[in-house]
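Across the two complexes that follow, subunit A remains constant while its partner is subunit B and subsequently subunit C.
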Partner chain A sequence: MPAAATILNVVVSGILTGIVYGLMALGLSAIFGVVRLVNFAHGELMTLAMYGAVVAFQKLALDPFLSMAGAAVLFGALGYALQRGFINRFVHRPEHAQMLLMLALAIIVGNVLLLAFGPDARNVQTSYQLDSFELGPLLLDKVRVYAAAAALVTTALLGAFFRLTLTGKAIRACADNPLGARVAGLPVAHLYAVTFGIGAATVAVAGCATVQLIEVTPGLGPAYTLLAFVIVIVGGLGSMVGALLGGLIIGLSEALAGLLISPSVKSMVSFGLLAVILLFWPRGLLGGRR
Partner chain B sequence: MGSLTRRAFGFAAAGALATSAVPRRLRAETPKLKVGVLLPRSGLQAFIGQSCQRGADVAPELLRQKLGVEVELMNADTESNVDTARSRAERLIEQGAHVLVGAFDSGHTAAVAQVAEQRGVPHIVNIAAAPQITEQGYKFVFRNFPPAPEIGRNGLVLLGDIFREAKVQPSTAVFMHVNDTFGQSMAKGVAALLPTLSLPFKLLDTIPYDPAAKDLTVEVSKAKATKAELLLLVCRLNDAVVLRREMVKQRWSPMGIVSPGSPGLYEEQFSKGLGKYAENCITNTVWFNPKNQLTHDFAAAFKKKFPKDEFAFHGINASYTFDAILIAADAFKRAHSTDHKALAEAIRHTDIPATDRVSFGGPIRFNAKGQVEGNRSVVLQNLGGKPTVVLPKDYAEGKLVFPMPKVG
Partner chain C sequence: MIDSGTAPDLAAGTTAPALADPGRRRRQVMMGIAVVAALGLPLLGTSYLVSAATLALYLAYVGQAWNVMMGFAGQLSLGHSLYVGLGAYVAAGIFVHTGVGPWASVWLAVGVCAAVGAFIGLLAFRLRIAGVQLSLLTIAFAELARIGFDHIDALGGPGGLFLPVTNRGHVDLLGFRGPPALYYYGMLVLAAGALGLCALLLRSRAGYYWRAIREDEAAAEAVGINTFRWKMFAVVLSSAMTAVAGTFFAFYNNSLFPEQIFGFERSVEILVGPVVGGLGTLFGPIVGAVTLVVLGDGTTELLNKAGIDVPGVRQGIHGLLLLLVTIYMPNGIWPPLARALGFEPKRI
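Up next is the complex of A and B:
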């Protein structure tokens, strides 16, 4: 049995990682909850944001945490344009057509990144990247703490937007009853596009938050799409709080499994959890609630 | 089909035959060895694959000068994927490769070897250490790279030399390794050899990890918790960077970080990505022979072709890839043929003296299994941002730093 300090460190690190995972999955959940479209290009959009953060750092010496706001605006606009000009036409088509469209988008983004940046891993090196906060026996990775804080702030802002603003309420109305929303005269296509924009902006924030934790390569996307899926299915597809909870559960369980059993079983545990939750809670832990 | 008359068909067929006959005749006039080079030039292992590719790219011109042999490279990217490696090997054979060289990763190489054996095409392994590659009774597969147990044994023996040279010895160690084909082979080798080598330390724990892991927090926490004085590490490149970063974050500074023979720690990206944190990491590894004239010529040709690259960072990858093509060219010269069987037979009878190769070891001679024995290792330490030979003393370019100073 490892020492208490080791367990404490691993647990806290798992929680911080889980919160960042949650942020990453938030966009996927929001888009599905409203547009009812599963974004198979989710991981690729995040990778694109990570490359954006790398370029901003290299060309403008912009810290990734400072480039978050700009990235969110840019990706918000990109997401809006994508949905309005492209994806909206597929919203009422069969699910397999939607899936193929998003997979095509994922492949295009991945290959454009490969052409533009080559296969080598890229990273951002800030002065504090390898620093840690020391609290007694606890060593907290500075970047992970900042990333988790950014994740919590983004989630809170998103929650406030959906609960307190008229647009947010209109989007929720669309999610609850698209036909009713249309009958009431809500601009559904515009609201779907806003939602996709919000989802993309969230992914951009997640990309900027994680770029100092992970070496970026063009092939990173599918692994993150898969991880986001697992998290969202565990938390409940369409539930934002569920996404955060799913992230926490996956982050923490992977960390503890790695420490107490073997690091090699980390992925096995997250997929095992997925199977168990699908068996007993087919809609996920918080599925159906928004 | 109604518009195609019998006469028109006859003309078309004759034309096609004539067209296909021309290159055959031309080939006969200018004998050329077509070498299919399979490397992971994209994907997870892209950096190392491209490093190997540089060694291959230098080969045709240098071999023309040295052996008077024409070599044409047919490059294929395995995309760091076993299935792609297999299909690319098939395609190269279809396209007329006389010999296959590659494929850096043990898993990919095993797949290529299988295809080569089935199709009866000689395959010369540039780099791949899994022992089973030359343990299958294959007749067309040859390897000038030492298998994992030999690398591990050489690496562990050199550990003793490090402690003797530094006059310091750790009492405990933790062993971390990637859990891919190569890592597991190395782990088996280390587990079997360690008890036989009377090294001064006790192994406290063995921690396998995923080479594609994006986060090694738990693995490093586990290793740190052992309070081991020495980290023995079998890694790849990307995971080595992630792992070293995590060690710094968790403020774990063992007496030394030593790889008993894996890539990662001596790579350019490791040094560039980590700066001062890459310093003093040690790899006991196969290397090039700095005393051979061919090495100097190869390094000069390398520098001419890739002026922006530091040869030392491509030491193993480029040297062993070049030597694999050298073996093929030497066999072609003796066989006077591009016939697969004749080439395989000539490769089997290779006898290149130790002084006429780039990589560090004895003469290149294949045993009955198609394996070269007697490749040697050096102690390589990152000094001044560059991998530097510090042992054996006869070949040393710098002075060993052990224990490694704490950096924070």
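Up next is the complex of A and C:
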């Protein structure tokens, strides 16, 4: 059994990672909850944002935590355009056709990245990358703390948007009752596009926040898509609070499994959790047991 | 859909069937040409052509197996690499450790995959999991296997399992060892067998029940179809068929890595063919597989010949094909192609 201080460190680091995971999954959950679209390209959007951060750092010496804001705006616009000009045409197709459509987009983005950047890993190295904050027995990586802080701020902004603004309320109305929203005269196509834009923007922020913690390769997409789905399913598809809760659960359980069993089994824990939750709480922990 | 060729056939009675259905003769001739070309290909083709054709047949076969579950019964599996990998590892593990060849071990591979398919189906269908949740469950099990096999040292772990390769020029039918043409004909027999089996199934009670479930499960249940039983049949048959492809793959490729064989990319590769060719059709998986290999691997080969070696082209083309077909030809390329060639469009 590892020392108590080690366990505490791992738990806190797992929570910090979990917050960023939660933000990443939030976008997927919002898109599913409102547009009813299973975004199989979510991880590829995140990878695309990571490469954006890598390029911004290498060419413009921009810190990923600064380029984050630009990435959010760019990806928001990209997501809006993608939904408005393209995906909206397919919202009435059968579910499997939409899944295959997004899967096709995911394959294309992943392989265009591979063509453009090659298979070698890229990374961003800032001056503070290896620094950490010391709090008694706790040693916290600065990057992880900043990433979690950025994720928390973004999540809070998003929560405020959905609770306080008219557009946010209209989007929630769309999620609750798409037909009713249409009858009431809400611009559903526009609201769907805003939702996809928000989903893309949040995953871009998550990508910029994560870029210093991993080696960026073009093949990261599917793993992140799956991770986002695991989180969202654990928390409950379409539930925003659920996505955050799911992120924390997965972040923590991965960190603990890595410490107590072996680092290589950590994703096995999340997929095992996915199978169990799917089978016994198919609507997720916050979706209620049927 | 009704074949326009059958109407005059009925009107003309039995006096001149050949004249009454002019399309029939053409279909027979085309099928004949296809059979002769398939049988003769290794005699005329270069080694590259034979390996590309073997790949096309492999994709056609696994596509046919996947199509039983999704195309016929409407259950979208995104984790079929699980059965390819299990089938491959069972046969290869037995061969490496005991020297027993594929003719014996393939049955065990089929049994293991059928059991795993039955287990997943039992859990999913008993608990009424469908749609996205079912697709994610299939991915979860494939991923669990991928990570799990990384930790089985007796099967090589992440470093891979390698099958000893003997003299490639010598044909050893019992050990399924020999030149590339042997594997080509082996895969041809499998693909033809799967086509025949699916043709029979579509005309049987199972085929009609599956399509009823695919179109409207609640309605199928309401008319008294035991949807659980028939969905189980689809997933067990599909996984058992895929196991044979896995065993073939092990002896053809001679090296297995959990990272590759259970990978999500593999599952995607399996489904692109039948979707591009035409979901739920008999010839869709074949047409799709040939299209993928001609455009994907053909382009890669041309680029390589021109001295350009870029990764990602092959799968990028797969993605593009999947995108274009999903947008513009939701039924796949076989139905319109069949009409153009004078075949009956078999979108049932």
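Operating definition for what follows: the second predicted complex is superposed on the first by the 285 of 290 C-alpha atoms of A that agree within 3 Å, B and C clash if a C-alpha of one lies under 4 Å from a C-alpha of the other, contacts with A are read in each partner's own complex, and residues count from 1 in each chain.
By definition in this document, contacts are C-beta pairs under 8 Å (C-beta built on N, C-alpha and C of every residue); 3 or more make two chains touch, one makes a residue touch a chain.
Keep in mind that this is a model prediction, so the values were computed, not measured.
Chemist: First (subunit B), second (subunit C), both or neither: which does A:10 touch?
Modeler: first
Chemist: Of the two partner chains, subunit B (first) and subunit C (second), which one does A:119 touch, if any: first, second, both, or neither?
Modeler: both
Chemist: On the A-aligned overlay, A:59 touches which partner chain: subunit B = first, subunit C = second, or both, or neither?
Modeler: Touch partners of A:59: none, neither subunit B nor subunit C.
Chemist: Quick one: classify A:264 as touching subunit B (first), subunit C (second), both or neither.
Modeler: Touch status of A:264: both partners.
Chemist: Which partner does A:226 contact after superposing on A: first (subunit B), second (subunit C), both, neither?
Modeler: A:226 contacts subunit C only, not subunit B.
Chemist: Just checking: does A:104 make contact with subunit B only, subunit C only, both, or neither of them? Give me first, second, both or neither.
Modeler: second
Chemist: Would you sort A:132 into first (subunit B), second (subunit C), both or neither based on which partner it touches?
Modeler: Touch partner of A:132: subunit B, not subunit C.
Chemist: Both subunit B and subunit C touch subunit A; at which residues?
Modeler: 114, 118-119, 264, 267
Chemist: Subunit A touches which residues of subunit B in the complex?
Modeler: Going through subunit B, the ones touching subunit A are 41-44, 46-47, 50, 179, 207-210, 212-219, 221-222, 224-225, 238, 241-242, 245, 248-251, 269, 273, 275, 277.
Chemist: Name, in rising order, each residue of subunit A that touches subunit B in their complex.
Modeler: Residue list for subunit A touching subunit B: 2-3, 6, 9-10, 13-14, 17, 114, 118-121, 123, 125, 129-132, 139, 141, 213-215, 217, 219, 223, 254-255, 258-259, 262-264, 266-267.
Chemist: In the complex of these two chains, what residues of subunit C are touching subunit A?
Modeler: The contact residues of subunit C facing subunit A are 70, 74, 76, 123-124, 127, 129, 131-133, 135-137, 139-141, 143-144, 147-148, 150-151, 264-265, 268, 271, 275, 310-313, 315-316, 318-320, 322-323, 326-327, 330.
Chemist: Which residues of subunit A touch subunit C in the complex?
Modeler: Result: residues 38, 90, 93, 95-97, 99-101, 103-108, 110-115, 118-119, 218, 222, 226, 229-230, 233, 237, 264-265, 267-268, 271-272, 274-275, 278-280, 282 of subunit A touch subunit C.
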